[in-house]
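Shown next, in structure tokens, is the structure this report addresses.
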Amino acid sequence: MSDAGSVFVGAVLLIPAASAALLAALPDDRVTARLNALASFLTFVAASVLFFERPPPGHYLIVDDLNVVFIVLSTFVGFTTSMFSGSYIAHELETGRLTPLYLRFYHAMYQILMFGMNLALLSNNIGLMWVAIELATLTTVLMVGIYRTPAALEAAWKYFLLGSVGIALALFGTILVYLAAHSVVGEGLDAMAWNVLVRRAPEFDPALLNLAFLFLLLGYGTKVGLVPLHAWLPDAHAEGPTPISAVLSGLLLNVALFAVLRFKSVLSANPGAFAPGPLMVSLGLLSVIFASFMLYRRHDIKRMFGYSSIEHMGIITFAFGMGGPLANFAGLLHMTLHSLTKSAIFFCVGHIAQAKGTQHMPDIRGLTVSHPVLGWGLVLGVAAIAGLPPMGLFMTEFLIVTTTFARHPLLAIALGLGLLTGFGALLLRLNGLAFGDPHGSGAPARASFVPVYAHFGLVLAAGVWLPPALTEWFQHVASLLR
Amino acid sequence: MDRLALDVAHLFAGGLVLVSFMLLYQDRMTGLVNNFALHALVVSLAVAWQAHIQHAPHLYITAAIALGVKAIVIPLALHRIIVQLGIHRTIETVVGIGQTMLAGIGLVALSIIVMLPITAKAGTLAQQDLAFALSVLLLGLLMMISRRNAVSQVIGFMSIENGLILAATGAKGMPLVVEISVAFSILIALIVIGVFLFRIRERFDTVDIHALHEYRGEQP
Amino acid sequence: MAVALDLLVQIAQMVLVLALAPLFAGYVRKVKAHLLRRQGPPLVQPYREVLRLLRKDVVLADSASWVFRVSPYLVFATTWVAAALVPTFATGLVFSYAADVIAIVALLGSARFMLALAGLDVGTSFGGIGSSREMLIASLAEPAMLMVVFTLSLLAGSTQLSSIAAFMQASDVGLRFSLALALIGLIMVAIAENARIPIDNPATHLELTMVHEAMILEYSGRHLALIEAAAFLKLLLYVSVIACVFFPWGIATSGQGLVAYVAAVGVYLLKLAAGGFLLAAFETAIAKMRVFRVPDFLGAALMLGFLATLLLFVTMAG
Amino acid sequence: MALTGLLWCVGALLAISAAAIPAARLRSASLLVYGATLLVCASALGLAIASLLAGGMQPDSLTLPVGLPWLGAHFRLDALAAFFLVVVNLGAASASVYGIGYGRHEEAPGRVLPFFPAFLAGMNLVVLADDAFTFLFTWEFMSLTSWALVMAHHRRAGNAAAGYLYLIMASFGTLALLLAFGLLAGPAGGYAFQAIRAAPPVAGVAAGVLVLTLIGAGSKAGLVPLHVWLPLAHPAAPSHVSALMSGVMTKVAVYGVVRIVFDLLGVPTWWAGALVALLGGVTAVMGVLHALMEHDLKRLLAYHTVENIGIIFIGLGLALAFGANGMRAAAALALTAALFHVFNHSVFKSLLFFGSGAVLTATGERDMEQLGGLIHRMPRTAFAFLVGSAAISALPPFNGFVSEWLTFQAILVSPALPQWLLKFLVPAIGALLALSAALAAACFVKAFGVTFLGRPRSEAARNAREVDRWSLATMFILAALCLVAGILPGYFIDALAPVTHSLAGSRMPPQGALDWLTIVPVAQSRSSYNGLLLFLLIAFAAGLGAEAIHRWASGALRRSAAWDCGFPDASPATQYTAGSFSQPIRRVFGSVVFRAREEVRIPPPGDLQPAHMHVRLRDVLWDVFYAPLTGVVGYVADRFNKVQFLSIRAYLTLVFGALVALLMVLAVWQ
């Protein structure tokens, strides 16, 4: 069993790495796009096997209940995104925004990004995870800047600087954790291994842990996009290629949050350390409220949904900060559904921007008339992201608000009003985008609707009926997170 | 002997903080770069010393990287950039040097206060050295935000990184230090290349909002 | 047997009100004329008018619809039924339980509704004026009426006219201040509802001052006759309500002998005479007010009713 | 048993809506879809009626493994649910029949057909739901689908804005309900209504829940001041959907209030009754006043929905007040009045909206000032609309009167209440009720008179044509129902007995058995009403009069021009318009409620240019409650928006600030 498991773990990591090298070498774009999708698919298959086959935790890699959910999710979204990116990139080539050379670069980078994220999720070593996340960040930076417009360069540069500072803070936190650990566990790799850390956490020096968590929260929180560390996120979403926006919102933010969660579980295992809850709750609430007000003045469609990602990361952080089985369950579920929904929305947005030739919302009108499938897809997406039934996010927001209200009424009211405000902004824009008399080019969008509606289908299914197995799984993980 | 070893380590760490203050003090571009070279030199010495007292030969690699890349290559590259991009020789600061220094003092004090409750259980690298590392980190950040041009921001960032290397090597027997320092050097190299490639002077650092509108794609 | 008698009384009542209504109107006119030192038309003049109108044939406007032609019959029927349910000379009518005072008011409301529609049907400006003002007055009169009803039911524990009358007759209600207020309120409502001075002038045809008459301006022949009859009935109805609620003396209760009934009819006629005289005197004494003073007038009525209720609370609590 | 059947119906509806997406292109699509929904809703109606008439039936509950995983979706069919299911499915079935005809004129069936069955399914599910999650899920689903229907004609000016306001207010309401259920469920998350019933909340919590419920469900029902969206959204939808939203969905909101306040909250407090009743009174009067000022036929009807919701809430409030003082019989009376009015309003409001839809299809006009004289072109529609108008104006012998009469009877019991506030408040509310009823009559004289009577004011009105059979059939069925419920109210009241029994612990005395089907709320000597007898008497008297006149007096009839005090052939423009009809009432109430401003410009004698009169009305409530809110949001958004345009250094400063701040906190904390 176990060795089979490690084979698949290897596959999850090696397939992206190998295909990255291959894609960098291959010239033709048609093939590379397909190859990209194929590689992602294989990765996804390998990852989903990990549900059943797991290796024992090693020094560097581990597959446990917490990360297997994320790894499967991220490989799945990676796969669907690669499908979408196929049709997206083809259009970019025609319009000449990308040259074949950049395209090879793009595909290679895509796979490296996948590799980085999978590594970060699978790593059992806080240092290794740090390296992996940095790798993922660097690749995304390069992809964001790929169009080389002044705006793109600025976005990339901003992302780069803020990201690097975040990375630095995270590293300091990591070192502190090691310091806290090695006097208990002893020097060497064990002092950086998750399974060991969580087990021995109660004996660590609480003061060091506190300081460490503070740095880790800020460092990785920069990647999560929590206010006030969020500045890079909207522009990175707006200026990069849309598949990358989808991956950013759908996966990278999750990975960073995943790191925060790992450390939270270490911290909360230590009785002497302070409770991380209030800190996360306040950051989350701040993000929700700030982002929802920022939505009102947006004119760029992708940047708007970038802000909505900030809002939802805020909700998730809030939920995990509240803690407790219900809130954690809701947080996990929200994380999963949000990455599905948001990536699907970005698929739609990408096609819309291509069909209309602009991301400037005032120039886009009446999509449900001119491009029914895309338009209704957008409507569906906004309804889903706003937490309207029958989509799944309703369940999570229901749980978060009700459980919070029973414990801290004011927090719940603030959260609810924040959500309502954000919804107001989104709906206002949606009215303009999807309805009214169409305006702008009515060119049919040669789009791949499969990924979009596959995601929406999953979200819908989750809203109506969660498979009991999955539920127990989430509940189990939620209980692990305390 | 052991006592002496720690004292020397502390000496290097303290020296690093001092050099960070000198960085803050500098208002000429060339002087800044040279100062940074000094900063990197001190770090490499500190790392080498740690390698010596921890009997961890692999740390010499880190020291070598620090020396080679950050004390020699990057300063030279930066000098070329300054010449080629014709960046002003004087650095325009946001607030006066004096206030910046005061803020720096405050940050050092803060980092010491934060470190106080950490028990000696933390091991050989006790409170002071972590405090020093933290101070270097904060001072670097302070430098990034109190200088208006990209090069000095890059230098600030690199000083942060030096502080981190210091802390990392100080953490006895920490694995992956070399890998991490390598990764970090790559990061920095990219940043410098970025500055050079994208011709970043003060361009994105204007406070003129109208100039930013078009970049942020938010024209109404 | 008793039921049969009650049925007889009921029918007698229906016939009686129908027969008396024009007479009462004529009587009021006569008194007014006398008070103005005029000779005045003979008492039977209203009968003559109605009969003459009945004989004339209808001149119907081209733009009139079936609503215009159906309304008079409905208005007449509704008002007649309403009037038939008010104990005039005897309580315990067979059908009295079919409607309490609220329902009776609502019945008159239906009649008004149809009439107002008829006013709008032909599509002339005068009909419109009439309808809109009529509805305004009604909408203000109804709350006032309800407050009066509230006072009465609070006192008598019923909105059933016969029960209220019985209560007032039997128990020693005594002279209550709130009852006086309620009476005044009811009188004001009655004046408004019947388009009497000072709200409206039944005699005038000066367009801008009239409400009810403007509404029925297009009517002629038998339709007009029916509407006039309905108006007479309505006036009689209100006077009878006031009489049976506030001056219930001499009303025969069911099961009494024929003599009692005859006597009761006599008493009823006396009451009508008194009421008519007072009405005429009031109308000659006062001048018609502008339409936009009407809300104040009816607002006063509403206040009186409300005051009556509150005072009653106090007195009952004490 | 019935419950499973009903759930199957819901499933069928959802299936239809899914099937309608591809089917919408077919030419016979509307026939197919509406026919299918008609069948389903009719069977659901049958099931609901059967289980309601079954009397004191045992609640029938069922749990499906969907929804919240560890909870499952609980469904329950008790008397209350059965009654509201009758209302819902009656409205749904009639709307379906109407839609078969009306749907032919739909320009974008693809935007209506898929959402219509889903909307019906949503409303059914809300009534059946038996746990907080399912309730809110279906509740919001109902809002979403109805929003989609409102947006069906998104190209017409103002509809998008209406849809926006609607969905925002709906979500706001859902949020309030969410918080209410959060209070009820507690931190452990006992979302099942069964659990909540088992442990009713303490007084303080109950008060919070009550207020939140009034906000949440009240905003959906159109309670003042949360009604602003209603007159915009309801008319924007296609007319049969407007009928559903106004006639049925608001009732589902009422159901929400009844379910939470009467069923889940346990014993009420008297001030709750005072609050609800007062809100109801204010809502009734405000609604009807707005309606009077309105010249858009459908919007006028929507405002009347607000009014009738107010009347219903008066009844509910009285029921609470009586219940709080243990006056069970009186509580039952008030509750019966409210629920009966729920039924009646759903019937005649649907009828009226269908009528307005017929006018819309015939003339393409909603503005009454452009209509007139339609009774000659479309007599059947006119007749049905007349019946509806009489019913909603609470005129005997129609059904509207009965329920308002019952409400009055409940009000007349109120002096027995011990609390002095209630003693004084309830008569005032009674006056408000009377006022609103009378004004409603005035308003419908205006609505019917200006739309159908008089002479046509526009070409469209002149060339109107009678609508199709399906629409007419629907309207006549409902009109007949108005009359039947008006003259045979006893049976309906008796049918409500199990509901009041389960909620108020008592019931009105049985009515069906009384001779001549009189209804006697409390006692024969106290008050009684007999619609049947009145109807017969009036018919008899009218027949007698007509007979007598045509036999003995003249039956002759001459046509000629209107007399009009001798003015020759006045143009249709000289007719009274809707504006001029409501002018006296505007003079009386408008200056306070609407800050009405009239600007009249009459040219000097000899000057031939037309005189101008311009009336400006302002919705005070909007100015007070909503305008500031939008202002604040805009202001904050602008302030925050500056953060989008900072320099990188500034962003780094933010990070640095956060770090230093947290470090300081840590330093202090340790």
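For reference, chains read A, B, C and D in written order, and residue numbers begin at 1 within each chain.
Keep in mind that, in the parts below, a residue touches a chain if its C-beta (ideal position, glycine included) is under 8 Å from a C-beta of that chain, and two chains touch if they have at least 3 such contacts.
Since we're looking at a predicted model, the values are computed, not measured.
Within the contact network of the assembly, the step distance from subunit A to subunit B comes to 1. Between B-D and C-D, more C-beta contact pairs are found at C-D. Annotation: 100 Å between the Cα-based centres of subunit B and subunit C. Mean C-alpha positions place subunit B and subunit D at a centre distance of 69 Å. Between the CA-based centres of subunit C and subunit D the separation comes to 35 Å, rounded to the whole angstrom. Per-chain CA centroids place subunit A at a distance of 44 Å from subunit D. Residue positions of subunit B touching 2 or more other chains, listed in rising order: 114, 117, 141, 144, 153, 204, 216, 218. For subunit A, residues touching at least two other chains, in rising order: 157-158, 161, 165, 169, 207, 211, 297.
Touching chain pairs in this entry, ordered by label, are A-B, A-D, B-D, C-D.
Partner subunit D is touched in their complex by these residues of subunit B: 94, 107, 110-111, 113-114, 116-117, 138, 141-142, 144-145, 147-148, 153, 204-207, 209, 212-213, 216, 218.
The touching residues of subunit A, counted against subunit B in their complex, run 125, 127-128, 130-131, 134-135, 138, 150-151, 153-154, 157-158, 160-161, 164-165, 167-169, 171-172, 175-176, 178-180, 182-183, 187-189, 191-192, 205, 207-208, 211, 235, 238-239, 297-300, 303, 359-360, 362. Only residues 114-115, 117-119, 121-123, 125, 130, 133-134, 137, 141, 144, 153, 157, 160-161, 163-164, 167-168, 171-176, 179-180, 183-184, 186-187, 190-191, 194, 198, 200, 204, 214-220 of subunit B touch subunit A when the two sit together in their complex.
Listing the residues of subunit A that touch subunit D in their complex gives 157-158, 161-162, 165-166, 169, 207, 210-211, 214-215, 218, 222, 228-229, 231-232, 234, 274, 279, 290, 293-294, 296-297, 324, 326, 366, 368, 383, 386, 388-390, 394-395, 398-399, 401-407, 409, 412-413, 416-417, 419-421, 423-425, 427-428, 431, 435-437, 464-466, 468, 471, 475.
Considering their complex, residues 54-67, 73-74, 76-78, 80-81, 84, 95, 97-100, 102-103, 106-107, 109-110, 112-113, 116-117, 119-129, 131-133, 135-136, 138-143, 145-147, 150, 153-154, 157-160, 163, 207, 217-218, 220-222, 225-226, 291-292, 295, 302, 306, 309-310, 313 of subunit C touch subunit D.
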